[in-house]
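Paired with subunit B in one complex and with subunit C in the other, subunit A is shared by the two complexes that follow.
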Partner chain A sequence: MSVQDRRRILGPAEAKPLRFAVDSETSIPEEGRTDDKKTGKESVFISTDLVTNANGSSYLEYMDGNSDQVLVMSSVFGPRPLRGSFQSKASVSIQFKEVTLEHFNTGEIKEICTFLTNVFNAVINIEKYPKSGIDIFIDLIQHSNSNPAEEENIIKILPTCINSITMALVDAGIEIIDLVSAGSVDNSVVAFIRNGHEIVGIWSDDDKVSDISRLIEDCRVKYLQNKQTLVQYLR
Partner chain B sequence: MNTNTALQQDRHLSLETRPCSRGFEEFRDVLINDGNISRYSAKCQNANTNNVIGSSIVRSGKTFVITSITGGIVEETLSANNEDDVGEEELITLSEGSNRLAKNASVHPVVEIQRGRVGGPTDEEMITSERLHKTLLHSGILKKTALRVLCGVRRTDENGKTTKIYSDEILEEERKISESNNRRWSYVLYAKIQVFSRNGPIFDLCWNSLISALKSVQLPRAFLDERAADLKIAVRTRGRSMTIRETYDILCDPEKSLPLQLNQHELGYGSNYGIIDIDPLAQLAKEENEMDVDKPTSVLLADIETEAEESSIYSKLSLITNKDGQFKSATIIGGGSKITPEMIKRCISLSKERSKDIESKI
Partner chain C sequence: MGLSITEKSFLFDSLTLDPPLRTDGRGSHQFRPIEVSTDFLPNSNGSSHVILSGGSECIVSVKTKVVDHTVESELLVTDVDIQGHRDDSPLVTSMSSLISKLLKQTIDQKKLMLTKRYSFKLYIDVLVLASKSYPVSMISFAIFSALKNTWLPKLISSDDDLEVEELPTFHDYDMVKLDADAPLLFTFAIVGDSVLVDPSFEESLVSNNGLLITWYKDRATSPIRSVGLNNDNVKGFSQHHLEEAIKLIHKYAPDVERALVSSD
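Here is the complex of A and B:
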């Protein structure tokens, strides 16, 4: 960076971030560890109204069959007035941020935001909120299986992000067409509404998907599970 | 502030309670844990990819602060021939003796308060970061010597098996290997402090979170590859020959680490207070025959919370102390209400109590 950032205390410019050596010796017990804890059971913890100065918020802890955790917090600000010219629909903006680790680059974060914005533009009843902005902030607190080298990271966190935003929107009392949720299979995520009859978003990092209808079918099974969990919490 | 809320607050206060339903000298409940964020946390799942070396989550009332500490390594600038020049060494030690601050180190904090907006840091975020940085530097909690890297050497033998040797663990005859490189490195600590559900002054919360995160910091052991340890490249430019020494690639040991040495007896925890006058007109007479209702009475409120209190209280105290009353920082801002010596005394004893409570929770 050519211009020095005077607004933050950044420390010496010549400092290098800590780099941990990758030893073949250490990766072996690591493997053993995951095998030990493999329960095969997925579990979700849901809580809402954690962030008091947001209109709605939610906190989700998702644990997959390998005891890998994804902790996501979403907060919804709005609908609040938009400045400028008249807008007949609400404008939805989604910001994604990593609270502790910094494993995603700006390009990936932008992609995630665009994808989620597309999904939620289709789900939020934006005609209901003219002249207003709905700002959604996602804070990824922990992602225990994150690997800077792997590309699957996004796939692992996306369904939890979608579920978390849905819960935050419900908490904020913003009108949505249906509870949106998603399922992931291999390297793809599909977001559904209306009991899996409508698709609102597909993300795939797989370049050789042979049977797309099969993929959607598999994701739908997971979607129904996820949605069931959300419904149970809201009941 | 809305007159209505001001009146409401005055009525509350005259009834000896606060809008947030706490007593005047009652603090919010504090919960502190390490949040399982750091790679050295007991239940850490992702030790192989996690570069957070210390963490804490502090929750006070509805507000919570997540602090994660990451590190870096910086090479210290040394005089070219520091071993031979005894005079210069002496000069350095002399000047350092009078300059106490030169021995202290600090972290580089970045405070972010979630407020539902995007953009650059706000004034409050910048001021809080700066204050945390300066307070830690002046407190003497963290010394430069605690951040020194005791660099080891990694050896690869002919079978491709690697061993790591650290100078304080090795035998005498091997010690000279690591002493062959006369360079020094030190760790740099960065703190990312995120505040959620802010509803009051945050400096003392951030401070407590930073201190409890620092207490959990483990500094990974660092090493060089033996082959790189004394690498010199001869170059010749414009007829002059010189040697360039390789910039070393310091790697960190994924397993071995040492706890960060903090000056335990210097540790202190923060709390804040406000002093407010109750408008005599808003006071509800407790007894019918009470005479001096026209005199404004001022009250001391501990742990300012809610926007109503924050915007109507101008006289504020912010103290950092340990349980024995050893102060690290004290900020007293007089504005509006008169701060009497009795009130300052009361604040001091309250802050000692608070500090004791927080210390027991970390």
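Here is the complex of A and C:
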């Protein structure tokens, strides 16, 4: 009787066991870390090209003064061919996922996805990519709130998501008409392009909003800071 | 039904004229004719049926149940169903999330309280029978007129039941009107440099962007959103478009509200 275990596929006779390299501490390059010089409180960490099988990817850490932390990773797949009927322009799809804890309900997540898709439809040069699809995936890795009593708020993560997608698109080499970035004030987010002359998205949940021009002005200041950070990283 | 490239370009050019020339001859501040009928569902506490010209149609029913609010804290349930769209499609889920969040913020839950233990729980069911253009405005008009015409049974037992355990008893036929203020949502299409209220399907196809602005308690308020009315013509807009939309709302929303209130 043979004692060989027939249920397993044994490797070849001359096989050697796998040896893993010694795990060395990987340090994050400090030059990517840019601090907001004006307030000295907010800080953003940007890194790109992390996901190897995506066409472009980015990772953003946003920290504001009150230890609110948002970690977002986006990856861009495409432009890749779309099957089916002919389309003269690219179709952009954005998926949002919470990797660790689930704070938001599905309805809210769908709302952000449709909102972001609309923003990036205006920014990506979709005429350039006929018959193709551009798929963008956002992973919210962490979202910690300094004030636990406060309800989880989509507004807090939205600007970071927008910045992160922009960086991923730049990394993927997809044509965009300008670097889009967003600024938020209280419960409102406004996404701008062209140095704040053009709005590509507005999301306001603030009941107390009385003067819309004032709100846009405040968001524009934040936008310019955010955009400056992105430009500094890309330089 | 889509439009050809030439049709779209023709429509775009006429909409960007000053003053804009809309396909149905409306001014930029003018709504499509709205037909509202209320209280037509005998089994609901309140109902409304809104028909827009162009065949868009929406039914809203408000039903109620008495619940113990110490156990059940959620007193408002909104459900949106749009014919021709799956329940998990982005349009349906984002719209129902937007509307239920908005109603929870605006409807005063204290007004639903019957006694110190019992409350009315409202079930607001929205059914969009046919719609090609972005239906949120129509839905909010329908919810508004349904809630304005909702009648709740009149309580005849005491409203203080903390000490004595007592089930609420209602009058046999007397009803009390629900006192609830629902918000109105307005959609605007930005086409070139013109801002158009209540875009029709063809106008949404050529629009560069869309705006959603809420009107509640005599002022334009949040949520203010930019919404994509199509996928292939989207462009940015400038601040004065937004200000123009808000100006139009301030000017014409009171008339719309008055018209809807007087519809019962």
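As a convention for this text, the second predicted complex is superposed on the first by the 187 of 235 C-alpha atoms of A that agree within 3 Å, B and C clash if a C-alpha of one lies under 4 Å from a C-alpha of the other, contacts with A are read in each partner's own complex, and residues count from 1 in each chain.
Note that in this section a residue touches a chain if its C-beta (ideal position, glycine included) is under 8 Å from a C-beta of that chain, and two chains touch if they have at least 3 such contacts.
Keep in mind that this is a model prediction, so the values were computed, not measured.
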| item | value |
| --- | --- |
| Which superposed partner A:A122 touches (first subunit B, second subunit C, both, neither) | second |
| Which of subunit B and subunit C A:S47 touches, first, second, both or neither | neither |
| Partner chain in contact with A:D205 - subunit B first, subunit C second, else both or neither | second |
| Subunit B versus subunit C as contact partner of A:E108, first or second or both or neither | second |
| Touching partner for A:P12 - first (subunit B), second (subunit C), both, neither | first |
| Overlap of subunit C and subunit B interfaces on subunit A (superposed complexes) | none |
| Of subunit B, residues touching subunit A in the complex | 35-37, 44-53, 55, 62, 66, 68, 70-75, 108-110, 114-118, 120-121, 126, 129-130, 133, 154, 162, 188, 190, 192, 194, 196-199, 220, 222-223, 249-255 |
| Touch list for subunit C against partner subunit A, complex | 90-91, 93-94, 96-98, 100, 105, 209, 211, 220-228, 231-232, 234-239, 242-243, 246 |
| Contact set on subunit A toward subunit B in their complex | 7-12, 14-23, 25-27, 30, 50-54, 67-69, 73, 75, 77, 95, 99-101, 103, 135, 137, 139, 141-148 |
| Subunit C-facing residues of subunit A, complex | 88-89, 91-92, 105-108, 110-111, 113-115, 117-119, 121-123, 126, 187-188, 192-194, 197-207, 209, 212-213, 216 |
